[in-house]
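As structure tokens, the structure follows; a few thoughts come after it.
Which chain is which? They are A, B, C and D, in the order written, and residues in each are numbered from 1.
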Amino acid sequence: MIDKRVASPAAAVADIHDGATVMIGGFGEAGSPIELIHALIDQEARDLTVISNNCGSGEVGLAALLKARRVAKMICSFPRTANSTVFPGLYRSGYTRLELVPQGTLAERIRAGGAGIPAFYTPTAVGTPLGEGKEHRRFGDREYLMEHGLTADFALIKARRADSHGNLVYNRTARNFGPLMAMAGRITIVQASDVVPPGDIDPEAVVTPGIFVDRVVHVPSPAHESELVAAGASYP
Amino acid sequence: MTRAASETGQVLGWTRDEMAARVAQDIPDGSYVNLGIGIPELVARFVPEGRELIYHTENGLLGMGPSPAPGRGDPELINAGKRQVTAIPGASFFHQSDSFAMIRGGHLDLCVLGAMQVSQQGDLANWSTGADDDIPAVGGAMDLVAGVKRIFVVTQHCTRTGEPKLVERCTYPLTGLRVVDRVYTDLAVIDITPAGFRLVEPAPGVDLDLIRARTGAPVLPVAPIPPIALIAERSTDA
Amino acid sequence: MIDKRVASPAAAVADIHDGATVMIGGFGEAGSPIELIHALIDQEARDLTVISNNCGSGEVGLAALLKARRVAKMICSFPRTANSTVFPGLYRSGYTRLELVPQGTLAERIRAGGAGIPAFYTPTAVGTPLGEGKEHRRFGDREYLMEHGLTADFALIKARRADSHGNLVYNRTARNFGPLMAMAGRITIVQASDVVPPGDIDPEAVVTPGIFVDRVVHVPSPAHESELVAAGASYP
Amino acid sequence: MTRAASETGQVLGWTRDEMAARVAQDIPDGSYVNLGIGIPELVARFVPEGRELIYHTENGLLGMGPSPAPGRGDPELINAGKRQVTAIPGASFFHQSDSFAMIRGGHLDLCVLGAMQVSQQGDLANWSTGADDDIPAVGGAMDLVAGVKRIFVVTQHCTRTGEPKLVERCTYPLTGLRVVDRVYTDLAVIDITPAGFRLVEPAPGVDLDLIRARTGAPVLPVAPIPPIALIAERSTDA
């Protein structure tokens, strides 16, 4: 009997180990699995490599994980935020290293990792500092560079609804990196506002099939990062 | 339902259904499984009570159910063999690129396939005779063997003309190199190990000598210590 | 004002030229755009390169296009059918050439073409006759081979429902190659059983966004290939 | 709403709104468009009546509508600038890999972006000052310029300190090489041609001499025969 439900965020992230590579969904606050991130902060794993498009805002969620000095390296496309000085401080001090990846290349690298494709060619970043040192190659009359697939030990993502088989649908632009990270994470952990029995999600409308999901945690009323930041919250 | 005949003409070994049932015994609860055409399809009928498997069909469905009741089918709800099927609660539909991302990305736990030949190093030939007038057709076979975590082959031990299908080297064109983990035949369950074929379990009434006589490469005896189950439990890898 | 509706299959395929590369959706009969294919037969374009998973059955649809000797080359994964001798005859006579591609590689090549990725690496077919002559490369401890993206001048696909912006949903396993070919076709032509105004398809459930679609034809009751074959039909 | 000042201190050229409106004039009906942050965002307000554009935001929405009414927004329905937006009828949501497949695959007709510098061969610098203490951040800018069919830049002609932004060679780190098709500034509309910058249209009251004085590379005069409109109609390429 397949039932991927786990009792709590704490139980869901309990085995994330020091030095693990962790993908964290979200574009800005949309799709950011704040409750899972906070459980990871409580859990105390350190020396993490985090793959996420941004670096969080304020002092909650991803920014709080960074502030707690748990992240040795960030792989992301846009670490700047108007309202957070957490990452800039860690970056300038040399505590947290940065691998900057164009957003579309980041997405495709994660998809490739999940799809068993070790490398692919893209025109993005040719002729720019982010293309330097990468293998270049001509196809037809255009220059491309080679990028490698990315996988992770764990993926933490947020869904609007999950069933107990792990089938997922998302909320609007909160979908962003979720379906890709679910594919690329060896253990994919999902927080969902709604958890339903198999059959309650239209099979034509499933965005992430359950095969990509290992654990589902019910978080009925997830916090909105912007509201926490506006209220001056910090975690823990 | 052909059975191997002993030298005295007596019917020996497992029937097709028994072979399928033997495969089913080895599939852990909660596995995501792709079943090939032929005997592999029969496996779904013999899954032990209490185990739930999820069937993938590479044309774009996870959570495949049995054939529809007569007159209730949809010509656009089919399996990889182009036969009408159903979808269970919890199923999902997706396009070919997502379907093969599941396969190539190592997300499926197990694939059960038929074979023309299996070599002692686990090479599989199951897509082409290589004959000049054969219309070559491969479908998803090469993707499945390259991507799925474990590959089980289920096949008669020998061809209709008595040639061994378990061989030193495949003579038919390969589907994949070093891909097969275990073979289920009418005569035996045999693992592919670094040392070659190793008997796991003979069919009732079949002994190692008979298996060796009908195999085109050396067969090691059952390991003195029972081998660790090939898949002890569903891996937690996604 | 965006309105991609076209009056008839004939109008939709009118500009397919001799020598064109045409992707045709479908896995077996599921998703095969029979009415568009029949309009293409009527239209008389020849010397086509057709990219489609199979070669049709009986003497209707794709098999009829082949039988009419319009196809110089097939790129497909499984050209054999229990009930059709059309392709085998053309192949043995040397009239229609065949590029045989593993199904997952075919799907990924089409997606890559549509996604602006000129080439990628895959483990599929390494060590087999279909891998011979291809560039091989090691990543980590495994051998891969390089495959190229595929695009086409036209893509013909079948949807369950379309809106006038070209947003699509499909019917069950008829989805198969449709969303990929819609991306990879320079002109994507869709036959849909249902055509609705924008807004009538849930934006969370759209499978093919309208940007990938150029023309939508309403074919309210598409024929089922298996029924035509059972009835002994042939086209024209 | 700063305007360029003439040597006599008189305000010259187009305002930000006028620049956005001038861009909007050149976008054909039915185009799929991605608008960058800043002046590019204003373009949507000035689309001439009777034209329908579809806006893409790379974080996963095609068919983006205007900001929501106060209190009606969803923190998870945002644009690439992380501001709340709405979705029009006919919109669709998709994941990042599909979104950038649209971009990289050449499916978007037009992208309008801001710039720090544009070179006479169309190189664009708009993501980093290259300063040591700058936190580098690129987002989707490099993907957009590499993939979208036409790239329009809209920017002040000079920096606040009066340095030209249209230059022979960019000194800031590049976003893309030979990617810009046309530049809209407060002073002029200028095409990137194989021969370099070419004036298409000066702002009212601005002449070629003034434009040349404020540009860091040669500027060719308006072509004697009116150039073919850069995008005569929406390409039928998908």
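In the analysis below, a contact is a pair of C-beta atoms (placed from the backbone, for glycine too) under 8 Å apart; a residue touches a chain by one contact, two chains touch by 3 or more.
What you see is a predicted model, and the numbers here were worked out from it, not measured in a lab.
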item: Contact-richer chain pair (by C-beta pairs counted) among A-B and A-D; value: A-D
item: Length of the line joining the C-alpha centres of subunit A and subunit C, rounded to whole Å; value: 34
item: Centroid distance [mean C-alpha coordinates] between subunit C and subunit B, Å; value: 30
item: Sequence positions of subunit A contacting 2 or more other chains; value: 108, 111, 115-117, 122-123, 170, 172, 204, 207
item: Multi-chain contact sites of subunit D, meaning residues that touch two or more partners; value: 87, 93-94, 97, 100, 103-104, 147
item: Chains that touch, pairwise; value: A-B, A-C, A-D, B-C, C-D
item: Subunit D-touching residues of subunit C, taken from the complex the two chains share; value: 1-2, 111, 113-117, 155, 163-165, 167, 182-183, 185-188, 197-199, 203-204, 206, 209-214
item: Interfacial residue positions of subunit D with respect to subunit C in the complex; value: 29-30, 32, 50, 52, 54, 56, 62-63, 87-94, 97-98, 100-108, 147, 236-238
item: Subunit B contact footprint on subunit C (complex, rising order); value: 27-31, 53, 77-80, 87-88, 91-92, 98, 100-108, 110-111, 122-130, 170-180, 207, 224-227
item: Residue ranges of subunit C touching subunit A (in the complex, touch as defined); value: 108, 112, 115-123, 139-140, 142, 144, 148, 169-170, 172, 202, 204-205, 207
item: Interface residues, subunit D side, partner subunit A - complex; value: 57-61, 74-78, 82, 87, 93-97, 99-100, 103-104, 123, 128, 130, 133, 135-143, 146-147, 173-177
